[in-house]
Each structure stands twice: as structure tokens, then as C-alpha cells.
Amino acid sequence: MTTNKLSLQQVSKAYGYVDALHPTDLNVAESEFVTLLGPSGSGKTTLLKIIAGMERPSGGRVFINGRDTTETPVRERDLGMVFQNYALMPHLSVFDNVAFPLKVRKTGAEEIRRKVGEALGTVQLAHLADRKPQALSGGQQQRVSIARAIVYNPSLVLMDEPLGALDKKLREQLQHEIKQLHERLGITILYVTHDQQEAMSMSDRIALMNEGRIEQLGAPRELYFSPKTAFAADFLGNSNFIEATVSEVSAAATRCRLSGGEELLAPRRDGVRQGDAVRLMVRPEHIRLIGGDGAAEDNVLTASSLGPTFFGDALEIRAQIADGSEVSVKVANNFEVAAAAPGQPLRLGWSSDHTHLFASGSGR
Amino acid sequence: MSKTNTTLLPTPSRRRFLEGLGTGILAAPFVLSARRTLAADALVLVTWGGAYADVIRKAITTPFTEETGIGVTLVSGPDLSKAKAQVTTGNLEWDLYDGSGGSMHNAAKEGLFEELDTSVIDTSNLVGEATAHAMPFLIYAGGMAYDPERTPNPPRTFKQLFDGDAYPGRIGLRTRVSETLEIALLGDGVDPKDLYPLDVDRAFAALERIKPRVAKWIAQTPQTISLLTSNEIDYSYTYNGRVASAKADGLNIEFSTDQTILMTQYYSVLKGSPKRAQAMEYISYAARPDVQKRLSEAYYSVPVRPGALDMVTPEVKALLPDPKDPRTVLLKEAFWADNFITLDRRFKEFLLT
Amino acid sequence: MTTPMLRRDGRTRTMLNRLGFGSFVLPLTLFMLLVFCLPLIGVVRTSICDGDCSLVAYVDFATGKLFHRALINTLSIGFVTGLVSVICGYFVAYHLSRMTARRRRFFLVLVMLPFWTSILVKSFAFTVILGTDGIINNALQAVTGTDIVIPMIFNRAGVIIGMAHWLIPFAVFPILSSLLSQDKALRDAAEIMGARPWDIFWKVTFPLSLPGVIAGGLMSSVIGMGSFVTPALLGGRRDMMMANLVDFYVREALDWRMASAIAVILVLIALLILSLAAWLRQRQESGAAA
Amino acid sequence: MRFLTKNLSLPVIVTWLIYVFLLVPSLVVIPISFGTSNELVFPPQDWGLDLYRRALDPAEGWLAAAGRSMVLGILATTIALLMGVPAAYGLSRSRFPGQKALTFMLMSPIFAPTIVVALALYLYFATLGMTGTMAALAMSHAVVITPFILVTTLSGLKHLDRNIENAAMVMGATRLQIFFHVVLPALKGSVLTGGLFAFLLSFDEVIVSWFIARSDQPTLPVKMYSSIQWEISPVLSAISTFLVAITVVGSVVAAFISSAETDGI
């Protein structure tokens, strides 16, 4: 039996009458990369602090490496942590910063030298070992911080928005490096971010958090392609929401009627009955613009273009449908722009398999 | 005399420049000559504050004003350096200075005081000794004080005080070189009449012997009483007037009048005072036998006029040392005027080693 | 100050703009030059020229046993007082730094309470507490059942106690300031990495607060070196300091040349200590950057 | 690091002992102030309010001296604030050659022994014929206390986000406007703290005042000092107790009124 590196059982946190975190379960397996993703105020930081021991949970248990650490002091939890603002000791050199966790563990000098050397080598900073952190760039400082978090092989490395303070280019580069590091060293990482792209590109699994609970937990693809709630659909990737009423529920599909009179097909969903108000979601990149009268898709809507926006690698066209709501469509950048000039009529089509159906009022 | 005219920035042009800066730029709206706001016609007497000022006011200045119509303003904190500053800058704040001891005579040498007008002031026929610039007006006695409950058998003379076998106990002495060297010689067995000129080496040798028994060398007069009452010392060298007021307040404390050192408090007139004549009149008044009697009864001082002692009430007289007692020593100011600076330095070195 | 004038007068304004931030520093600079530096220069001058000009006071200082003793006393009392103040101040500052701002405001008032009680009265209070027949010694005797008396006053210890009592607040402020400016994340990071409270203190908190410690130590020792009332009231015969001599030469001997010379030497010592500290710090920093 | 505040460990005990050390002398003075003797006696044999009556009696001059010290403290603190706060701002927001030396010069009164400052100012103002004036006294105190304002303001400025000032500059504010409308409001806490500390120092200052103050218009500490040449009047204990009580009550009230949980000293 493999033990989870981290296991949360019904962990909750209340401040006075405010529930910052509803009872939550979460397991992180060895060598797994799990991301807590959510907007600010969603409870991800509270959860992280409870795991780290900087906050006491109001209820539930925290297990690290199979050991109940709910009452364990922070320092004995065997965790590593990377902070958004690096939290490097300004009075210590890079080498001494990385050596810090080893020194407090009374590791021998020779071993410290070897391990710190290795860790700095891993993040390609061996040549800067004698510098003070202030003399380093932001990216370099964060690499030192990562080296410091892995040098003593903690059971679990927590990363709290580690790339938040870096520019986009550097952020992408470090995302890549952290991912590689994770794969090469097999460390277990619990990563916190509010950036859905970062979460999707790096994680084995994502725990999407909203209003103090985990809204959905799964692999990035799963969350993207099968969001369980409108919030999940909205938070990960771009999405179009269309209000509708269920007109017919069959064994295979749900037929919905828009207020403009059009009908759309969606996969069948348990608990949804005829007459329910629902929200249909379709991602912009799943919508095709259909020329002429071709009807190659099972869902088709006519719309009027509001104009295109150029994104370099793609083109986004916003359009207004009969009920007045807006829908955006993502097309390749070789699209003939004139066809989408404001006021031009458009026909939008997509597969019913790409249509997601949520009860109205769920999520935001 | 040339020394007194020097200032820290002696060249006149420089000084005018600074004056211009100081008064013009820095503080034009605030500057008031220190003198200007004091009562226009009153003599300004600088003297100590607290209970002492009350005594002076009651015994001397108030009756003086009643009798002559000359007002006297008492200000506190006599300080020779301030007197020097006032005299050298010509910015006089005070007219009369109440001072004592060697430093006062030193200041007279520096030219800070007017010569006494002997046509107004009778400088002869005194218990103490007037100098050209300083007139005695108050004589007080320094001697041993003790707690009669704690010390039933105290040393009553300085010779006894120095006899550690017969009178063991912690001693409090002053950090003043004058008085202390006299005590040392008396303690070492010198006859009071042979005291002056002081045998300085013998005095320091005697002090060296008694050093281990001195629990505190006291710089501030109040500690001569408070250290005795808080049981830090057993025998305190202090002053009869001080003990008398402490006793009046119910403290268990006695003063030995068997052997005392009489010290003189002087009045001098600051050099260049515009009220020189009135100041001389005031000094003359302060030394008058009837005024001395009042002062004596208020302060337990020995009158400076020989006859006045007999006018004092018997209760007070009992607490006063007898200046005619052969054991009593009158501190010789002339000696200290010449030797104060050098001996004080030697004394400080003695204290430090 | 000068602000209303500036708004109206365009020329002054452009001139000030050219001066830039210098215009903010200018008034104080002028003030300090006129009311601090110039007077200090006056002291230096008086130490050489008081009527006639000669170095006799300095020669006297260099050769006089009295001055050597006072110098040694000043240095050692200043050093020990600074040390004691910083150690006590650190405990207090640390405690203050770990509480809410509102609570801290209240505690700071407590720390500054000694300022409101005159040293003259306090010296008596210290006698009541620390004296031979004082509260502590009486308690000790009652507890141990002996006649034990610890001399805590009218000796070097008394001077240090009295001065530290006055100087601890001076040490508290810079230390507190450097403790408050520390990033809490650093301590969290250290704790997660497995550091015990003791390690966190000595390896993170304390080193980061060193600038405050140094500033507080320097301030309290230099201020301590310049005081003379406390040694006179609470010290023993050997605790005469240079400041006592300055006081004596100014006010009793009226020898302002000697007083000024001692004062100049006192300032030079303070300067020497400050530059030594600055040099040490610079060396430490540059050594780290290399 | 909760060990110092929560658990009863050695450092906690030491910390509280230091608080006791700081406070006890002031507390010993309180009972003395309710005695009736003219001598300092602890504990007093009889109890009464005589000393307070005397402390508050206008004829004794204590009230006047306290008022003078108050005015002087406010005056000196105002001068110090007016010059010190802008200077700190200027120093923290610019780089120029000799800046370290200038900062050192402006700070140096902290490090110059008080007796030296007193002697220097005394000789200086004596030369100018200004000893005894309130102007000389206020300027002397300002010299002594301004460095403390500099220190606290500089430390407050260090924590101030410079981007706010840059934003104001972009919006077209002049340096002066930025200083008054952006920096000063943000610095309120440290300026107030510095000002309070400076005021206390001025209020408590003896040595410089002794030399400079006019002898018929002493400040409170000078009056205390000159009144002890012959005896330490227990009236001093009543005055001390009075000041302590005012401070404690005032600060408690202030702590309750001020709701802003601004961090800082």
C-alpha cells in the first residue's frame, strides 16, 4: 500500500462566524504535482497555511507522509516551501541560504557542501553561491528559494504563488524548470496559484477552489473538458454562456430552447428535468463559422458580428445572438477579416458533445 | 583682569558677525534681553531655591524692602560660570551673588565681583572674615550627624571619628576638598589652633587611612541626610541647620556640636552692576546684628556679628556650636582662595585611586 | 515654514526645483551649522585660546593622572552601560515587536515612564530598593535567614543601574524599528525548514536586527559617557567621569579652557567609536558583496 | 515564535523583570508623594495630600515651571518637526555626494555627550548675549531632539511605497505637494511617535537647560535640580507622580480612541 504524501480529512477553518474553509478532503500521492487553483479569497491560502502549520484548523486532521501532523509544530512537519516573495535571508549568502535547513538539522559540514552544491547545480546557480540574494535577479532569487526547499528532501514541497512576482517570459521559463525538476527528482509538490494556464500546464491534478471549498478535483484535461460547475467552466479557459430552458430530456441528449426561439442540443445530465432553467456553455475554440447554408453541426445559431480582435496566434470574433447575449468565437489567424466586420451576419455551429449544461444559478 | 574680557570668539568683528546672525536671522522675534523683564528697580539676588530661599526671604529680603523700599528679587541657582558669562558679555542678569567656599574666591580672582564699599559695609568685627570682594552673612557648622537609636555611642569629635576601633561604622564625607582636609587633620590629632596652613600631605595620608570606612563620598547635600536615614551610613558629615530641619520633621537624627567646622556664606556684587550702591546697602543690612539674630533663629546659623549670638533664643542657641570653643574650627577662606584649584585636583585624584 | 512663499513666488520655486530634494534638507542643515557646529567649533577654540593661545590644557590632559582615570572610567562605564542597555532593550523591543500596534502603543508609554520621574527623586527610590537596608537586601536576608548584603548602589553597579534605567528606552527604539521592519515570511520560511525558535532567533531575527542593535548600543553608550548627575548620585568615589570634570571646570574652577579641552576629547572619543562602528559595518557589507 | 509572549519561559521572565526594573522606581515614588514629611521618607509615617497642595500652589512656582517646560517642549518639538521631517524626506529621496557626511552631521547631536552640547551652546549664546532667552532655550533643545525626529522619520520613510509618490509625480504634483499631500499623511504614525519622544526628551532635559535657562524662569527639571541643593523636597515626588498619572491616563485614553491599527513604532 502506498501512503499519500499529504492527506487532508475534513479540514476546516472558521474565523468567528465566517467559514474560510469548509470541511475539505485532499490526497496528494508521492511524486504528484497538485495545484490549488482559485481566485483570491477562495481559501487556497488558508488551506496552505493549515498544511504548513501556520494556522490551526478548526476541525479535521492533516496527515503528512501518513503521520497525523495536525498538532505537530511547523518545524517538525518535514515540509519545504517556496514563497512568492522568495523569503531569502538578506544577511546570508546564496550558499548559506540553501545550507540553512541543513544547518538547523546539524548536518555535517562536508555533507552540507555536497548537498548545497547539488541543489544549486540543479537550479544552475552554482556559480553565484557567494553572492547575497539582493545581488540576484528575481528569477535567480526564486531558483535559490527552490533549491533551498528541495535540498533537505522534505516529504512535500509547498509553493505559494512562487512565480507571481515575475514577468511573463521568466514565469514561463521557470514553470518549465519547476516541471522538469519535479519529473527528474520525483518530489511531491503542492502548488498554489490563481493563474489557470500555469495550473494546467504544470499540474498532474488541479484542485479548483471556490468560496472555501474544493469545487472540482482532477487532471487538467478533465477540468477543462468536463467542468462540473459553471464556475469551473468559467475559471478554466474561456467560455460562452447561453441561458436556456430545457424543452425535452431524452436518453441521449437534452434539448434546450433559447429565448430567441432557437434550439440547442446538449449531452444528457442527471437531475435536469423538462422546464428547468439552465446555462449552456461552449468554448470559443469549439465554435466554427459556417459559410453558406452548410449545416455540418448539430448546434447552429445565427448571429450578428460585433467585430474581430487580433491575438497574434488567433482571432477572436464577438457576435450577438438573437436573445441579445454575446458569444465569442476563436478562429485561425488566416481568417478573412472582412467577413467578420461589425454588422455582418454569421452562422455559428458546434457539436453537441462540446456543449456543457449547468443548472442555472450555479457558479457565477 | 585681561582674562575676564576673553570670550570664546574674541575678535570683535567675528563676534559682531555672530551677534548679527544670532539675533537677526535665528531668533529676532524671540530675543529679549534677559534683564529687561525683571522688576525694573529690584535688586536681583541669586541664591539657592527651596527652603533656604524661604529663610532668606523671611529673615533678610522682605524686612529689607520694608525698611529701605528697595525691592529684592530672589532667583535660584547661583552658578559661577553664569556669573562669568554675564560679566564677560556685559549682559548682567544678577546683582548679588550668594556663594561659598574656595570657588567663590577663585571667581573673585577672575574679576567677577565688585570690591566691597567699606564706607557702607563694616567689614571689621566679624566672626568670619571678609575679603575685598566678599562679605560673610551666614555662618553654618559642619559636623557629625548620627541616628541616636542605631548609634547610642557616636563619635563626637573628628578625632573619635577617625578611631575606627572605638567607633566602627560607615562614614559619609563630602566630595569637597575644603572641609574634608580640615576634617582629616583634626581626625589625625592636629590641634585646631595649629590647623592653618594645612599640612596637606598629612591630611591626605589621614584620608588614605579612613578611605575604606567611607561608604559614600557625597556630592549632593541632601544625601548627607537621606543616606543616614536609609541606613547606608552611620556617621554623616553634614550641617547643623540641615539636621535641625530634619529633626523638626520627626526624623531620628542628632548632630554633635562638640566639634564643628564653621563655614561662611558670602554675598558679593557682580562686576558692573548698575545697582552697586543698593547692593552694598543690602549687604550691610544683612550683616546687622538684629538681622543676624533673625537669620540665626530661622536657620540655626551662627551670627556673623560677635554680639548677636547672645540675642538668640536659648532653644536655638543650644543647637548652635560655640565659635569660642577651642575645638571649633573656622574655615580659613584665605587659605582656600590660594590653594583651591590645585588641592581640589589632588583630592579628585585621591578619590579616583 | 517656507511653503506659502513658495507657491506664490515663481522664481523661488524654480530655484528650489533645481535644488531638488536638497531644499528639504537645507533648513535643518543651516540650523545645525549655526546652532551646533559653530558652537562646537567655539568649544574647540576655547580649548586652545582663552585669552592667550596654547595647548596647555591638552598637555595637562595628556599628563594628568586624574584625567587618565576619568578617561578610563568614562570609556568603561560608557561601554558597560551601552551593553546593559542594549541587552535589556532587546528583550523589551522583542516583546514589543510581537504584539499588536495598539497594545504596543500602551507598552511604549510604560517604557518611557522613567522619563517622567526626575533622577533626583529616582536616586532616592533606588536607595530604597537597592540599598543596604533596601527592599531587595531585606528580602534576601529574610529568605536566606542571613545578614547577606549585596552592594548594588554607591559603586560602579549603582552607576550602571541608574544610567541603564534612563538609557534603555534609547536602545529600545532603534532595535524595535529594525525588528518591525523584518519580513515575517523569513521567520515562517525558517520554521518550515525545520528551525527551532532558538535557531530562528539567532540565525534570522537577531542578525537582521543588528543594525538596530548597533545604533542603540552606540547611542546609549555615548549618551552614558556624557552624563554626570547619575554618577554623582549613585556612584562610588571612583566613578568620576569626564563629564563630571567638565562640570567642575566650567562651574567651579571657571577654567573654561580645561573644560573645553576635556569636552573636545569627549567628542573625539565619540567620533572615534562611531567611525569604528561605521568602518566595521562597511567592511562586513563589502566583504559579503565580494 | 510565540514562546516569548505565551509560555512562561526564561526570556519572558527576563522581559517582565526589565519592565519591573523600569517601573518600580517610579512606583516607589508614588507612596512618598502621599506623605506629609518635609523629608524624603519611605514608607511615609503619616498620609496626606500636603505635597500635592504644595506642588499646585502657585506661590511655590512648580506649576509655572511645569507650564514653562510644556511650552518649551512644544516649541522645541515644533522647530524640530518643521526642520527634521522635511530633511529626513530629502535625505531619503535623493543621492548626492557627501550625503553620508551630511546625514552624520545632522545626527551628531545624538552622539555628542550632553555636557559638551551644553557647554558649547552656553559659550555660544553667552557670546551672543542670548543666554536666558526662550529663543536660545528652544533652539538648544531643538538641536538635542531633532536627530530623534530624523531617525524615526527616516525609518518610517523606509517602509513607504515609493510608487505612490511616483504616481503623484506623474499626475503632475510638485515635490512640495507630494510631500504635504502624500508623504506626510502616510508618515503620520512615525512623525507622531518621533514628536512624542522628542517632546519627552525636551521636557526632561536638565543639563542644557541648567546652563541656558534664565534663573528666575527655570524649567521644571531645572527647578527640581536647583531645589535639591540643600534638601530633596518630597514635593518632587508629588510632581513625578502627577506626571506619571497624566501620561498613563492620557495614553490609555489615546489607545482606546485611536482605532487605526497602523503598524510601526
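In order of appearance the chains are A, B, C and D, and numbering begins at 1 in each one.
Here is the rule we use: a residue touches a chain if its C-beta (ideal position, glycine included) is under 8 Å from a C-beta of that chain, and two chains touch if they have at least 3 such contacts.
These numbers were taken from a predicted model, which means no experiment stands behind them.
Taken together, chain C and chain D share the touching chains B. Listed by label, the chains that touch chain B and also chain C are D.
Of the two chain pairs examined here, B-D and A-C, the one linked by more C-beta pairs in contact is B-D.
With centres computed as the average of Cα coordinates, no chain lies farther from chain A than B. Rounded to a whole number, the gap between the C-alpha centres of chain A and chain C is 55 angstrom. Averaged C-alpha coordinates give centres for chain A and chain B that are 89 Å from one another.
Averaged Cα coordinates give chain B a centre that lies 35 Å from the centre of chain D. Within chain B, the positions touching two or more other chains are listed as 8-9, 18, 22, 26, 79, 81, 220, 226, 230. In chain C, 35, 38, 42-43, 46, 124, 128, 250, 256, 260 are the positions where the chain touches two or more neighbouring chains simultaneously. Contact with two or more other chains is made by no residue of chain A. Chain pairs that touch one another are A-C, B-C, B-D, C-D. Across the interface of their complex, chain C is touched by residues 1-5, 11, 14-15, 18-19, 21-26, 28-29, 32, 40, 42, 82-84, 86-87, 89-91, 93-94, 96, 102, 104-106, 108-117, 119-124, 127, 139-140, 142-143, 146, 151-152, 155, 158-159, 174-176, 179-180, 193, 197, 200-201, 203-204, 206-207, 221, 224-225, 228, 232, 236-237, 239-240, 243-244, 247-248, 251-252, 254-255, 258, 261-265 of chain D.
Interface residues of chain C, counted against chain B in their complex, comprise 34-35, 38, 42-43, 45-46, 49-51, 64-66, 69-70, 73, 123-124, 127-128, 131-134, 153-154, 232-233, 236-238, 240, 245, 248, 250-256, 260. Residue ranges of chain B in contact with chain C, taken from their complex: 2-3, 6, 8-10, 18, 21-22, 25-26, 79-81, 84, 103, 106-107, 110, 175, 214-217, 219-220, 223, 226-227, 230-232, 341, 344-345, 348-349, 351-353.
Residue ranges on chain D touching chain B, taken from their complex, read 37-42, 45, 122-136, 138-139, 210-211, 214-216, 218, 222-223, 226-233. Every residue of chain B that touches chain D in the complex is listed here, in rising order: 7-9, 15, 18-19, 22-23, 26-27, 29-34, 38, 44, 46, 48-52, 73, 75-77, 79, 81-82, 85, 88-91, 93-94, 220-222, 225-226, 229-230, 242, 245-246, 248-251.
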